[in-house]
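Look at the two complexes coming up: chain A is in both, with chain B in one and chain C in the other.
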Partner chain A sequence: MIKKQLYRFYKFIKKPYNVILSVLLIVLGYLTLFPMLTMIKDTFTVHVSESMRLKQAAGTFTLNHWLKVLFDPSSLSVFYKPFLNSLVTSLGACLVALVFGGVFSWLITRTNIRWKKALSSLFIFPYIMPSWTLALAWFNVFKNSVVGGVPGTFQALTGIEPPNWFAYGAFPIALVTGLHYAPFAYIMIGGVLRNMDANLEEAAMMLKTKRNRIVRKITIPMILPAVLSTFLLVFSSAMSSFAVPQFLGLPVRYQVLTTQLYRTLNGINPGQGYCIAMIMILLSVGILAFNQRMVGTRKNYTTVTGKSSNISLVNLKKARNVISVIALILIVIVSILPLVSFALESVILRPGDYSPSNFTLQFWIGTAEENSIANNEAGLLRNPNLWKALWNSLKLSIICAITAGSLGFLAGYGIVRGRGTKLAKVVDNLAFFPYLMPSMAFSVIYLSMFSTRHGPIPALYGSFFLLVLIGTVKYMPFASRSGINSMLQLSNQIEEAGEIIGVSWPKRMGRLVIPIQKSSFISGYLLPFTSCMRELSLFVLLVTPQNRVLTTLLFQYNEKGWSQYSNGINLMIVIIVLVVNAVVNKVTGASIDKGIGG
Partner chain B sequence: MPKIELKNITKKFGGTFTAVDNLSITIEDGDFITLLGPSGCGKTTTLRQIAGLETPTEGEIIIDGKKVFSSIDMIDVSPSKRDVGFLFQNYALWPHMTVYKNIAFGLENLKWEKSRIDERVKELLALLKIEEFSERYPAELSGGQQQRVAIARTLATNPRVLLMDEPLSNLDAKLRMEMRTELKRLHRETGATFVYVTHDQLEAMTLATKICLLDKGVLQQYAPPLTVYNKPANTFVADFVGSPTINFLKCKNEGNGVLSSPIGKLRFNRVDGVMGDLGDTPTIGIRPEFVTMDKNGKLQGEVLSSLPSGMETTLRLKVKDYVFSSVLFGSLDFGVGEKIPLSLPGETMVLFDSNGNYSGEGSLEIL
Partner chain C sequence: MKTVRLISVMMVLLLLALPVFANGQTETTSAKVEEKVMTHDEMVEAAKAEGTLTVYTYSSRTTKIGDAFTAKYGIPVEVTQLKDTEMIEKVSKEAAANLDAADVVFCQDGSRVIPELVYTNYVTAYIPENISGHIVDAEFENPLVFEAMPKVFIYNNEDVTEQPLTNIWQLTEPEWKGALQFKDPFSEAVNMNFFAMITREDWAQKIADAYKSYYGKEIQLTTKNAGYEWIKAIYNNGCVLGKSDTTIGENVGAKGQHRNLVGLFTLNKMRNAKSKDLALSPAYGMEPFSGFMYPAYVFVAGNAKAPNAAKLFIEFAFTEEGWKPFNLLGDYSPVDYLSDNAEDDLTIVDWKNQLVWEDPAWCAESRADVEEFISSIV
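Presenting the complex of A and B:
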């Protein structure tokens, strides 16, 4: 009996994917499931900062948090209103993303619009840039007197004061978030349009179907699953975005769930914050399950043959030049103008005054003594804080990319090879779970989990390692998705052909699997790197002055109102991310859009 | 050269689905075996189990007297140590390596000397007539050329057993014919034992020294091709092998050797077979080539369709309430509705008992 068990165990571990999956199960279980359980517990316990008010000792069981969030007169402002605002802005963002991205992907794949290549790569920009980039740009341009004193570029140039609804709140949040995620729609819908078998449309054409009828009856139904996936993806991403509503909602006290989460977690009601976080997680899980069911049942129907013959492009005729120019202008506004705005804001002495005499480079190269206007903070390029933060950011992003990328790839390998087994399914879900955790809540949990020593694990608060740990876990879903996608494309037989002639597992990976899937393999590293470079909400609560990163430094400058510095840093982050992406893309052919789609 | 023995091999997936059910066969040294059956019958699973790419749930596999798998003795030798070659359905060529590298990779892995590798690769390139492609990448080759490279790569290490999983299914008909001849030549020249999976009964018939026919994981018949054709073990085998398919006359046993069939009363004169109880509802199997045009024939068939191919003509013929498939040799054509006199000659009609199992062969007498 024992011998039989041993043999089964031996048979099990002889398969490399089983070993990978088992290790991941333990590690991910500890790093994702445990925090989740901790959080559930936290919604029912009294926290230190609440014990005075609730007149109960910290750690006692209470239903107070849930009651306050859901069934109290104050629930309206604590939960329901922000919840409604979140719904409104997220739905608005979906609409913007789908219309903008959908129309654009059709123009690029199916018409004879000019400058396709340039337009297409510029269009991805907003996604590569931090999500708040556009928000900050919007703020720079359209801020009005509500925020005190200094008007934005628009008012300075035209003299018209933008109304509140236009400058802050639901409208710009939805618009900016939608524009940020429009590349999602472009990549997913464009992908289907590009790979769709032209025969399907040609068959209808042979039956003398009119062009617009073909679009309505064949093309649109074909891309519907992609539209739905995009919708749900944008919706859940928009629900959990923090920086944009923080920048654009705060001036008019427009609260959404994430900003409410930040307030409560940072304030005296962490218990309520955990409740909100729980609700957000449940919502995300629900959306994801829905998405999987829809896509799962409809998958066969979008069969993408990849055997795309030349599709006859729609001739825009006389409108060609007009549409091309309009598209170019729109994309330049969304993709290039923010950068110009940051550059501009970082070189003017007094914000809001765009006369030539007001321009200065002192916020970039001035010494501390010269910058009395900003509490003697040295110009960015001479500022040791900045260099330290830049170094930390790069170090953190590179390490996170390596760990998350490698683990994600191994997870993808294990999940695909072990397909059908329970173990693979569990690991698949565990590896994706961090994606559903709102960053803010995730970091708070890690904060409490690792603030004291647990068995062999020392207290990690304040350490760089904690940032690496949380970054790795949080970004692994990106890498594991792209790992799964690339492994699914690779026939099992490719590896078996090596196995049968006695090629060892490491060599099979190193010489066969990875080289063949080189570009998507590297894409799996690029996405965590990019995300980490621009991450704010995950790190904002965890950094100490010692391990500050660029984004948190930016946040601090922004809170102090030193807009020149925050704009300058923003410009730097965007440029670093763009340059790294461009270089990696040129050298290896990997690209960020290869990673999305899962 | 090795002999392969499968003993009581059972493979279950997920605890419920049985892919292979208690399969025992012995593959003699130097045989060319085809594993034949409809899709999902367990033939590929069987092949992968021999290779070691799949682990049986129960049973034993012995290659050349050496136990490579045993669920009782807890032996499971890894694929690379079984000395088998495996040819994949989709070739599984490594797209990032040239043809030369693809073939050499396995040898490098065995730490062969460079000069020896070069010699061996050149030998294989010549054997498969692909010398001029040695520096090309797989994507730059046609399907047939890719297949040759895949075969060269598999043969490189000189495996004594060559396992092939529907290797020709992605080729066009003409190329398939050519590669069949090629495979027979390779079988002769290498002297290895070949095990070949296919769902194409014609391929199985033409290539194999012995056919192993499976259905739903259960062995139906394991015999040389002509035996399978002429003495099918059951109605499933009879139906699966042969194109156009065999005609089945479902009869009622009237006793005293008289059977009443849809085309009238018949007497079956057995010349060979297992004597046994036929039961109440035996079946007679008649191959299409034995439904022939005969001026003195007692039956009359009405032509429902006629498909002349030059060498032969395939007909659908209605006799009373029954529709026969018939193959007539020669350049013939008939109009629809034409009436043809028929007879059912020969002594190779097959009789199945009420359970559909082979009962004997013989001639038919129309009463």
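Presenting the complex of A and C:
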């Protein structure tokens, strides 16, 4: 009996993917399940900040939070209304992303539109930039007299005051979020359109089927799974986005779940906040499960068949130039204009005044003595604090990218090879969990988890390693998704062939799997890097003065109201990310879009 | 079989997890600030031996106190700026784990600082010798207030010759519909504390009296008291929530708008009003208040690794040299020899008389009710 058990164990352990999965199960279990359990516990206990009011000791069991969130007269405004608003804006964002991204991907892959290359790389920009850049731009252009101050650009130019529904609330939130995630749609739908077997369409063509009938009966059904995936991805991302609704909803007090979460976590009732977070997590898990089921039934995931010939492109004829120009203008507005506005805002003395005399470079190159308007803070390029923070940010982002990317790839390998086993399923979900956890809650829990020694795990607080750890865990979902996608595309037979002739596992990985999937392997590093560079709330609690990062500096300047400095740092962050992406893309052929869509 | 193995792994994980849950109850064995009386020179010597001093603060200007302190005593200072919530979380978690983190803590938001940091002994007040007997009001002493900052109703004065606001109930009238702006109290704790304060019975009574003096009749309550009633009324009159006091100041004060506009924001934004070409005036002497004033406290961290340097730093912050970065319009010191503000004729007491002063104990008790009330106003 024992022998049999041992033999089973030996067989289990001999498969590298089982080892990978088991290790990941333990590590991720500790690093993700634990915060989850802590959070669940916090929804049922009295928090220190409310102990005085409830006249109960902190840590006592209570049902109060759940009752208040779900079954109280105030639940309507605390939970149900924001919930409804979240649904509305997220669905709206899906619609925008699908229409904008879908039409664009069709134009690029199936028509003879001009400047394909430029348009295609510019289109990804909004995703690389922080989501609120577009929100900020919208606000600056369309703000009306509700908030007062200098009129928005649109009103200044046309004299027409944009109505409230247009300037703030559901409409712009949905639109801006949709535009931000439109690259998802482009990448996924475009990927299918580019790679799908053209034989079907050609066959229809030979039977002289009308073009719009082909589109209706063949193209659309073919891309439907990609549309569905995009829908779910955009929907859950939009549900959890915070910056855009906070920016565009506040003037008219339009609350969604995330802003409500922020308010409760920031107020003195974190328990209620955790309840809302739990509901959001459940919702996302539901969506995820649905997505997995859909993708799971789509057995044939292989997109590279080598059979498809070049499908004839739709000739836009006379409309070609017009459509090309319109597409270019739209994309420039969405992708380039925010950058220009950052640059502009960092070189003007008094905000809102664009006359030549108001321009200055002092916020970039001024010495401390010259900058009396900003409390004698040296210009960005002369500021030692900035250089230190920049170095820290780069170091952190690169290390996080390497660890998250590598682990994610291994996770992807393990999950795909161990497909069908419970273990793989559990690890798959564990690796995705951190994506659903609100950053702020995540870092609060990490702070208490790692501030003291627990068994073999020392107190990591204050160390650079802890920042790396939380960044790795939080961004691994991106890498593991892309790892899974790329492994799904890779036929099992290749590795099996190596296995049969006795090639060792490290060699199989190093010589076969990784080289074949090189570009999507490297893409798995780009998303964690990008996200890490622009992350604030995840790190702000855990940094110490020695390892301050760029975004914490940005926050400080923002708080002081020195918009020139914060705009300047913003510009730097976006440019660094763009340059790194471009260089990696040039050198290895990997790109961020391969990371998302696979 | 596999399931069994999975379950056992899970169990192990849960067991590993237990110490973390137990964490909240652990006693802090914080090094008590020494009771022995030292001479000043001894304190300086002891401070120098302690190495780098770590300061947590709400204000970036603390860095300047740090620079001056280093120049004077040769003790290096490291300053970290934190938002209110982060401050509370960081200080309490670090103290609970008995980590060598902060030495000096400058913080605001009394409603959380008092119960979560002071009652727990994570931080302790220290009153340096140079200010004893110089604090102008007993309310600034316990816990020790480093500075007080007024947030005042400040209006756009481009088209007016006379102060248009004299009673807070005007803000609930159609002429001021959509005219009032302030920072979302859910992201600015001291604003929430202000709303909590005016629901206290004495303030509610004053608000009811102001109602009578403005309308000539008694207030009809639909809520608990006149304080709640006024909060509801301004929210229902379309007040606009802003992101930061800086932008609110710019939005209220921008010229060429020609309509009623008023913000409840920090007085120090008046400093740049001229250079930014903004038309702003504070509304003095409104009935029953012109806004509110909130304290920023200074403490020695309970487990400070440089307790003497921390004391020396606090002492230094209350000298003319240390106060210098704060000697500006909108910041008021509670000690008499620093109260002569460079840019303003009013003292901390003058302001306190026309503003709502934050009482941390009341705020700690009532703030959750007020938060709930405000989030239920749609």
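FYI, the second predicted complex is superposed on the first by the 524 of 598 C-alpha atoms of A that agree within 3 Å, B and C clash if a C-alpha of one lies under 4 Å from a C-alpha of the other, contacts with A are read in each partner's own complex, and residues count from 1 in each chain.
Basically, a residue touches a chain if its C-beta (ideal position, glycine included) is under 8 Å from a C-beta of that chain, and two chains touch if they have at least 3 such contacts.
Because the structure is predicted, anything quoted here is derived from the model rather than measured.
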Chain B versus chain C as contact partner of A:Leu265, first or second or both or neither: second
Contacts of A:Lys14 with chain B and chain C, given as first, second, both or neither: first
Partner chain(s) touched by A:Val426 [first = chain B, second = chain C, both, neither]: second
Which superposed partner A:Arg216 touches (first chain B, second chain C, both, neither): neither
Per-residue contact with chain A, leading partner among chain C and chain B: C
Contacts of A:Glu496 with chain B and chain C, given as first, second, both or neither: first
A:Lys507 touches, of chain B and chain C: first, second, both or neither? first
First, second, both or neither for A:Ser77, with chain B first and chain C second: second
Contact footprint of chain B on chain A as seen in their complex: 3-4, 7, 10-11, 14, 420, 491, 493-494, 496-503, 507, 511-512, 515-516, 518
Footprint of chain A on chain C - complex, ascending: 1-3, 6, 9-10, 13-14, 16-17, 19-21, 23-26, 54, 60-61, 78-83, 85-86, 88-90, 92-94, 96-99, 101, 111-112, 115-116, 120, 178, 181, 184, 186-187, 189, 192, 240-247, 250-252, 254, 257, 259, 261, 275-277, 364-369, 371-372, 375-378
Sites on chain B touched by chain A in the complex: 13-14, 51-53, 55, 74, 76, 78-81, 84-86, 88-90, 92-96, 105-106, 109-110, 153, 156-157
Sites on chain A touched by chain C in the complex: 8, 22, 25-26, 29-30, 33-34, 37-38, 41, 48-53, 58-59, 68, 73-74, 76-78, 81, 145-150, 247, 250-251, 253, 260, 262-263, 265-269, 350-352, 373, 375, 421-423, 426, 444, 447-449, 451-452, 454-455, 459, 461-462, 540-541, 544-545, 556, 558-561
